[in-house]
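Each of the two complexes below includes chain A, the first together with chain B, the second together with chain C.
For the complex of A and B:
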């Protein structure tokens, strides 16, 4: 499966990954409108962590050994059989936050309205996830794994 | 004998489902027979209170899609109760008098709700336990038929609290009766319990602690009140006993399979008898922090154990790394997470605390020997899993411990090596 690799030594903390993630998951798909009208309705699936001059962008790791799937009590959190991505079926999620409790990367958030979990969906409908495609310094790259 | 399966699984819930997928990781075709007393397709047990409260539909109860048995190549005997396991013969008996054979057996029978033997009147109509889908339906029907307006929930633990949530949704005036000094005392510390209790009180829920029911009073066979040990009598049209579950070990009692509190298993989920495995709420397996074998009746534990059992039954080599007590519960609208040891066991433990009572936010981290052994999050639960991961890992946090309690705490403050492993995505388990 393909995996997004984080190269923290190249991350300049610009946050473009977050911006493009929000736009991609907005209704309008337009950067200005997405920010003006929808910013508070979308929790980006990638988030930049910063500490002094250090930074890196983190999205769900789509772990092989995904503890969030194990802990999900409704069956909403599942592995997409085609892409191998770990996805949350928000129609079945009841917002119990068991996934947030167990994710060692802290990569799952409460959705903007606080009722269902929100996480990176690996942009499964794109050739390359938008955070990777728009990273100016190759701090996020897509690599093939066996 | 009707049949002999390569794998026989008793149970149809989390542990059983995980075991099926564990087996199928290794053995794609070996015959699996799964037997369940409950007639339903595999469903999410924790959702039964949501169902009663009208927050999910019957369709949403499904834990796996409708074609799951078929796709997993499982022969499911639903609505079939097992009454006896005969390890010497490698067979089990059903309530209908049939005998089923196995090469490898998994016992994933879960727990049986406790009804206290010393409370008089528990056989009155309107007195329930609440652990199955059918319980939810029965309670719903009883409420509708008798126009129930008030209820007493006995037990202020997880199931009790979730029952209360459902009753609030239905507009039923509810009183919680808890024997301990605070609600959720098994997983919360005192501060978190008090916050939860205060939030419930604001919703009109009465919470009576340090007392329990002495007698259920009935008229014409139907419950009309609960009499407490402190002398008070609370009128109510419904009583739910939610004082815990006991491992459902009956079917192996009297065999050579070792039972302590639950069925005792090793790290490979093997019982003391060859070819018999146990997983989930029925099993007593090693706890991560203290190292002793304990029954930890929570969902993630049941899944992990079922997966390990399934893989090993199919000839794999999987090991359970130890159970960790944890829970995530939303109290009215306040999310909470508790993990591991939430109250210091003695002076050698340290705690770090951040509390804002008005905002209902609280964070607490419990440390021992330079390692995190427990945590509580109330209100703000974002990224709690990072702490859970550190507890599991047993990482020495002495160098950055002061950061842990901060809201901005993230992976970036963690040692590079650990962080690299977490973000590699291969999984964090040893």
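For the complex of A and C:
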């Protein structure tokens, strides 16, 4: 499958990927309303890690052997059969945080209300994930991974 | 004394209805104009720190930021302009020479805008470049005075041709050193030149080891500081250019501050890390045309006469005589940089007041070399603010072989001409060595944009030539009959060697 790859040497730490991820997962999809009305209710699926001048936009790797799926006791964490993306069914998630514990990339967070897990859904309904489409320096790209 | 005399140049306005407090602007401003107040959870802006580079406004996802000139007006005075007053405030506050970057912004005449091009109507056919071949191929180097053949039925060329540069577009990237611009910017220029089939110029800072793979499409420069020059460097490029002068600062040397001389730059320039890289004003071994000839031939010997060796001079008062001397000294090409040429750092007074317009310099040099019968001995490259394809066409019609673009190339990579290159805090990642900022210029994007720029100019040049009924750039070169002047005095028309519109 195509995966979101970060070329960290070109990541400028601007945080626009996070901004557009929040907008994408907001109720209205409108940037100003999303931030004014829902900012506290959405945890972006992509998180920019910063250390000095180095920065890195991290989101779920949608691993082929996803340990989070294995670790999930309710079956909330599952692989989307169509796209191959690893998704969390929040109706089934009980917030045991095993997925967070086992994720080797540290790419899963607690949701804003602290009851269910929150992660990148690979924008499966978009041709190009919004974080990739809006990265001003093409640090985030969609590539075929071997 | 407080610095109350130094007023902001710009006012940064933030639309509170649109700002989403995402802090992108805070993270993008290297001048720290934007600050996020943790307690109030709100971004505040200090306009006095704004240089007008538009980085924050360009990246703001909600277009909440607008930047406009500070409207703090002085009492109107044609003589004591706001700039003149502010310069004095700055100098009396800090002492020292006023520094600046980029080319001359003063409202001096731009003669390209006073020259108009011809087109075919009725009596001679124009050509559609989309349907018929339109040749832009340009060769730069010494051409023979005549060609001699032998062999009768199947002629053999007997004349030995000198080494030539081969350009698919008559536009090259002018000298910008690694040091004055970032590694990523240098890489993009080198790669774009390779892709399009033109040349980039190393500038005076040597050629980074990793960029030598692109050197077949690079001109290597030898300047007064001789940074990074050894026999491998000379032989790595397609041509060698001896830099005598620069349009933005004729008669002035260069100074790359030690803070910018990182390990990589130190290795490329062959100087100790952290030391200032000082380029003397003159070459200390060139005090005459004869001395220049010695250096030209020393380089030709070192490169086994396989590469064109040229000389770059600034357009100054006796430029025609100087250029003639350069050609007679053995230069295979002469590059002339006009008074609007750019720079990474120059004293403001020099940049704004020294030199002459490239249009006059070009016309004078081309005419002089023709009169002396030595025009074919050297290619003529002109530099100093070529903003569009029409400027290039006018320059070629006036007598140039090709143009150098510096600022236009930087603008293609994102430069907003804020003129703060000398601070080393370029928010666009171009004129900086700060690792936090250099990563902002992705060389893949920059290369693509440079290639797009040159290709679009090439199309426009072909369109203009087609309109004139010319199908090869060789037929346009020095064809001043295709230029007419407007808003020019007789004397100006005379120096330019063109007729008045309507004549």
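One rule holds for everything that comes next: the second predicted complex is superposed on the first by the 144 of 146 C-alpha atoms of A that agree within 3 Å, B and C clash if a C-alpha of one lies under 4 Å from a C-alpha of the other, contacts with A are read in each partner's own complex, and residues count from 1 in each chain.
What we mean here is this: contacts are C-beta pairs under 8 Å (C-beta built on N, C-alpha and C of every residue); 3 or more make two chains touch, one makes a residue touch a chain.
Quantities reported herein were computed from a predicted structural model and do not represent experimental measurements.
Touch criterion met: A:109 reaches chain B, while chain C stays clear of it. Of the two partner chains placed around the shared chain by superposition, neither chain B nor chain C is touched by A:140. Of the two partner chains placed by the overlay, neither chain B nor chain C lies in contact with A:117. Chain A has more of its residues touched by B than by the other of chain B and chain C.
By the touch criterion stated above, A:131 is placed in contact with neither chain B nor chain C.
Applying the stated contact rule after C-alpha superposition, one finds that A:6 touches chain B and leaves chain C untouched. When the shared chain is aligned, no partner comes close enough to touch A:88: not chain B, not chain C. When the two structures are aligned on the shared chain, A:96 is found in touch with chain B, with no touch to chain C.
Once the two complexes are overlaid on the shared chain, A:73 sits against chain B while remaining clear of chain C. With both structures placed on the common chain, the touch criterion links A:57 to neither chain B nor chain C. For chain B in complex with chain A, the residues that touch the partner chain are 18, 44-47, 50, 55-56, 60, 62-64, 299-300, 303-304, 307, 326-328, 330, 335, 337, 339, 381-386, 388-389, 392-393, 410-413, 422-429. Across the interface of their complex, chain A is touched by residues 17-18, 20-24, 27-28, 59, 61-62, 434-436, 439-440, 442, 444-445 of chain C. Looking at the complex, you find that chain A touches chain B at residues 3, 6, 49-51, 54-56, 58, 61-67, 70-71, 73-75, 91-92, 94-106, 108-110. Contacts from chain A toward chain C in the complex involve residues 7, 9-16, 18-20, 31-32, 35-36, 39, 52-53, 134, 136-139.
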